[in-house]
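A quick write-up on the structure given underneath.
We call the chains A, B, C and D, going by the order they appear; numbering starts again at 1 in every chain.
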Amino acid sequence: MPGRSNETARRIAMLRDMARIRAFEQEAVAAMRSGEAPGVVHPSIGQEGVAVGVCSNLKRADRITSTHRGHGHAIAKGADARAMMLELHGRAGGSCGGKGGSMHIADFAVGMLGANGVVGAGIPIACGAAQAIRLTKEDAIVACFFGDGAVNRGPFLEGMNWAALYRLPVLFVCEDNGFAAFTRNSAVTAGGGPAVRAEACGVPATAVNGEDALAVDAAASELVARIRGGAGPQFLHAKCYRWEGHTGTDVAAYRPAEEAAAARERDCIRRLAAVLEAEGVPGAEIASIEAQAVAEMQGHRGAAMVAPWPDPGAAFSDVQDAGAPA
Amino acid sequence: MPGRSNETARRIAMLRDMARIRAFEQEAVAAMRSGEAPGVVHPSIGQEGVAVGVCSNLKRADRITSTHRGHGHAIAKGADARAMMLELHGRAGGSCGGKGGSMHIADFAVGMLGANGVVGAGIPIACGAAQAIRLTKEDAIVACFFGDGAVNRGPFLEGMNWAALYRLPVLFVCEDNGFAAFTRNSAVTAGGGPAVRAEACGVPATAVNGEDALAVDAAASELVARIRGGAGPQFLHAKCYRWEGHTGTDVAAYRPAEEAAAARERDCIRRLAAVLEAEGVPGAEIASIEAQAVAEMQGHRGAAMVAPWPDPGAAFSDVQDAGAPA
Amino acid sequence: MTRMTFAEAARRALAEEMRRDPLVWALGEDLVQGGIFGQYKGLVEEFGTERIVSTPISESTIMGAGLGAALCGTRPIVEMRIADFTLCAMDELVSQIAKVRYMFGGQGRASLVVRMPQGMWRNSAAQHSQCLEAWLTHIPGLVVVAPGTPADAAGLLKSAIRSDDPVVLMEPKNLWTAEGEVADDAAPIPFGVARHAASGDAATVVTWSACVPVVEQGARECGIACDVFDLRSLWPWDEAAVVTSVRRTGRLLVVHEAVTVSGFGAEVVARVVEAVGTGGLRAVERLGAARAPVPFSPPLENAMRITPARVAEAIRRVAGA
Amino acid sequence: MTRMTFAEAARRALAEEMRRDPLVWALGEDLVQGGIFGQYKGLVEEFGTERIVSTPISESTIMGAGLGAALCGTRPIVEMRIADFTLCAMDELVSQIAKVRYMFGGQGRASLVVRMPQGMWRNSAAQHSQCLEAWLTHIPGLVVVAPGTPADAAGLLKSAIRSDDPVVLMEPKNLWTAEGEVADDAAPIPFGVARHAASGDAATVVTWSACVPVVEQGARECGIACDVFDLRSLWPWDEAAVVTSVRRTGRLLVVHEAVTVSGFGAEVVARVVEAVGTGGLRAVERLGAARAPVPFSPPLENAMRITPARVAEAIRRVAGA
């Protein structure tokens, strides 16, 4: 569009990715509920602004580590959404050939080093990735996503200390959606919270409203610049809310319905859309971006439903070279 | 002695225990070096003021958990020193029947729940002990000793959060002797240190000069009173110095000799003795306390050298009831 | 006798034990919410948050606190959520709990239960499907229990709670919703006594945990009369029953969900060979998983799965050898 | 050929590999100080603190960082100090490193070495003496290596470093100071090839790690000519060599320091029975530790120890059966 600023174009791209994440997960949850997709999915619906706000500041060479709730991180980092949907359906052509499923989505081609089924496990991995990047003099950084529940696991402390000690190029992103599975995380967490803990270990922390994608973007931009400048690890504490249950089947009976309803009112996508509209982007354009996102993901789901299953023999490949299963 | 205050008597008792710990460990190191005692010992010589300063505020019913460097904690808690020396020599009648050795000294009869060969492992154990005490409505607290190296292990964070969350009656005591094995701990620890980390998790922290037994005593007295009063866990950060190498055979080549020499000048035993002398306790009495301590421990060592070995069959007992080794 | 699910049988048994002994309590993630399989449902209402404790995601401390609590006279149930997460608490289980009695010369005991639901369930993939029972049988100090029916879930949980030894209880995730008859005030079931699930002379078939119904069905389907044993506990295990049977049948098949290589089946085979002597043996086979992680996709997972058909085939092979 | 200690052989091999490949680096506690057995001595002087990294006491992160570093193209050596501390990093080793290639469908590989010196040494008692090699052979994705001589320490470390698979290398603590001849620029030794340490028809004796010199001495002392195999790597292991030998001797003895119950000896026995068939077997025995923790006191520790005399006795039993 003539006269549209780079900044606006960038924001539109952010909106597009957020809409794509939401559409992806809505299809994924539906596919899981209907039984088309096996296993469980952990949707990040409502949290899209964190993934996109952070990843819009990353280059392809940068790496991310993710969690059990990792679809958003992957899509925001540029992972192939069709391959992801195939993976969730356990089909040939899936990101991991059907071996991983939702909890192990990875796309190494774009630096997405993997979702993880173990809370907090990505933290040490991110530290080591950054150490290797330093050793090989690669021009890249690592963003490490984890939930508020992970700050109660030992590797959190170890990793913060480690990254600060070696001044590693890592952006730690705590997606604080208030819950750890069925438990309100504040009921099992003492002290001043994730940021205070990170700072105690020597990692400077910044708090941000995770429901405001532009705020996340601005904070991440600043922190990423510092990290690229050699300032060592930085910590971003993003408050947000998990709209859905812990998994696609959890009805989240452990919290008042109004609380979730209120969070839906604060929708990060609508919020960004409103900014764009105020900047002069036509509502129709926004609607069309969202519609395209839905169409894309429905297409992927449709493709996934009819895609071939992997060859059963694949169950025994990619284990190891020496001593591989016969 | 007529006119001697309770306070002075208590301080003399502290001095006696400190002298006993030092004498015990000097004998233990000598026995290890000569080969009379098998395995390795980790002496706490120079750090006696922390163990005694803390444990003088504990009752018999109170529990402690300890570390690989645990002789001082055990003696200060009232453990049987002769049984300990027998244990270090691997003899029948040792605290653990010869099965544990120096790294697993325990004396449950006085609430000493065990030294531990795994750095930081006592922290979760102390938390659970306090939880049980709460559940059974026992009138007791738990003191949990660990080194500065332990603050870089995951269980440190988990345990601090846990104790703060459940407001458990635990006194955490970080004996910060500056080294983790052969590495200066500051070289591998980022951020503001143990106390800052504890506070970040919700455990209030107090710093004390661990080379001043009376300062430790005063601080512990205050913190123990708070804990008994229901204030929840407290953290005591005691700076001190490890006079000897990491083990009885380590010559500590990784640090300047002057540094250790300076620490020896700050001897916590001489410091307490000077206070007592200033309070009017005759130097001869102090000398005699120290001489008695040496005589006691030499006696234990002599006894240990000639004590019978445990029956080899004991290697297979006390494993488990169901499915015990045949 | 009432028909109920495995989860309900376990839940009831735990409630009965908690009523019987005020020193029994449970700690783990989401317990106040009933646990992820409903095996703690409603307990917080009866026993309160001092005895049904929801914890942070701190496996090392869940396990280590269990030990501390046992050393101070209570009888904790340590809930690991799923067995794989025990990997985050192995030092506490193996170097602390299992050894505390021994290394302190009998001064203290870790009288506690570690519950760790294990195995394949709903395409959970590599990090949520492991069966590591063989590991724990290798660790002195531990009792290892692996029930395969609702009745055993109840009876063995009771024994585990009353045991003065630390007991690792591996519930098969895939059987939480399986139904069976359970006695109303189920008696504790002693460790080391196999359930003789079927009788026959053609072969001795040994299994446990999630494979129990699979093996029972496979044995029925192939129509060859075998001695089928559900070991129920792996340490101690009912060597006597198995050896006696093999002396008669001369043929041994061990079936388990875990990886075959260095699985507990290897120990069963080795002990039987040592006890029976090679002269008395005609055929020996282990049926377990290939040495590969558990994949996500159904056809891949199925390729790793022990099915009644594979059991039937194996029985035919062993019986016919 | 030069005579040198096990530690020196390993140190030299590592230095040679680090010179050859700038992507090789090492991380662990006290490495800058040379490691606790001197196996890193002098390396920081040559390679600097970016490649010889002293770490905090953070086993989970030492292991997990190793994985991250491997995924970004370097070849880390993860030093665990002693094998028991791996219990503090089991999730990282078993659920992450071992599975990463598989669960991500081959997108990435954990090409790294985890060193974990293991076993009895200087009366270190229950928490510092464990041999958990069998555990790791049970885990798909891992290569498990257990050298018993200085030459193998060098050659297998080189193979481990060059391997694209994650390799767990268990050095026997008790043999760090043992001496042997080592080739000057030692060649890598392939995995899965046993060393045929002695020849004879009376029995097949299989061992590895710290038991290698013990078994060699025991076999010499009893004067019965046996086939003695030092497996050197446990996964893959040289089943072919062992099975071929047992087909000839009809007698198998497996000797290891680890607890016998569910030790790797069980797997060796089970595989040999499956491969050779019971008809071809006259005697089978495992010689390992009782299912008890390792005690501190010398006479107690000795009661658990495998000695040449016990090996000789076992050979006599097996050969005479």
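Just a few scattered comments:
Note that in this section a contact is a pair of C-beta atoms (placed from the backbone, for glycine too) under 8 Å apart; a residue touches a chain by one contact, two chains touch by 3 or more.
By chain, UniProt protein names: C, D = Pyruvate dehydrogenase E1 component subunit beta.
Just so it is clear, the model here is predicted, and its values are computed rather than measured.
The chain pair with more C-beta contacts between its two chains, of A-C and A-D, is A-D.
The chain with its CA mean position farthest from that of chain A is B. Centre-to-centre, using mean CA coordinates, chain A is 36 Å away from chain C.
Per-chain Cα centroids separate chain A from chain B by 46 Å. Remark: chain C and chain D have CA centroids separated by 30 Å (rounded to whole angstrom). As a whole-number value, the distance joining the C-alpha centres of chain A and chain D reads 40 Å. Residue positions of chain B touching 2 or more other chains: 94, 96, 98-100, 104, 116-118, 152-155, 158, 161, 165, 188-189, 319, 323, 325.
Along chain C, residues 55-56, 58, 60, 84-85, 88, 91, 95, 102-103, 125-127, 140-141, 235, 290-293, 295-296 each make contact with two or more other chains. Arrangement of the chains shown, judged by which pairs touch: all-to-all, with no pair of chains left without contact.
For chain D in complex with chain A, the touching residues are 23, 25, 27, 50-51, 53, 55-56, 58, 60-61, 63-74, 76, 91-92, 95-96, 100-108, 140-143, 163-166, 191-192, 235-236. By the touch rule above, chain A contacts chain D in their complex via residues 63, 65, 94-100, 104, 106-109, 113-114, 116-118, 121, 123-136, 138, 142, 154-155, 158-159, 161-162, 165-166, 317-323, 325. Note for the complex: chain D touches chain C at residues 84-85, 87-88, 90-91, 94-95, 98-99, 102-103, 125-127, 130, 132, 134-135, 137-141, 235, 258-259, 261-267, 269-270, 273-274, 278-279, 281-286, 290-293, 295-296.
Chain B makes touch with chain A in their complex at residues 152-158, 160-161, 164-165, 188-192, 196-197, 199-203. Note for the complex: chain C touches chain A at residues 29-30, 32-33, 36, 54-60, 84-85, 88, 122-128, 290-293, 295-304.
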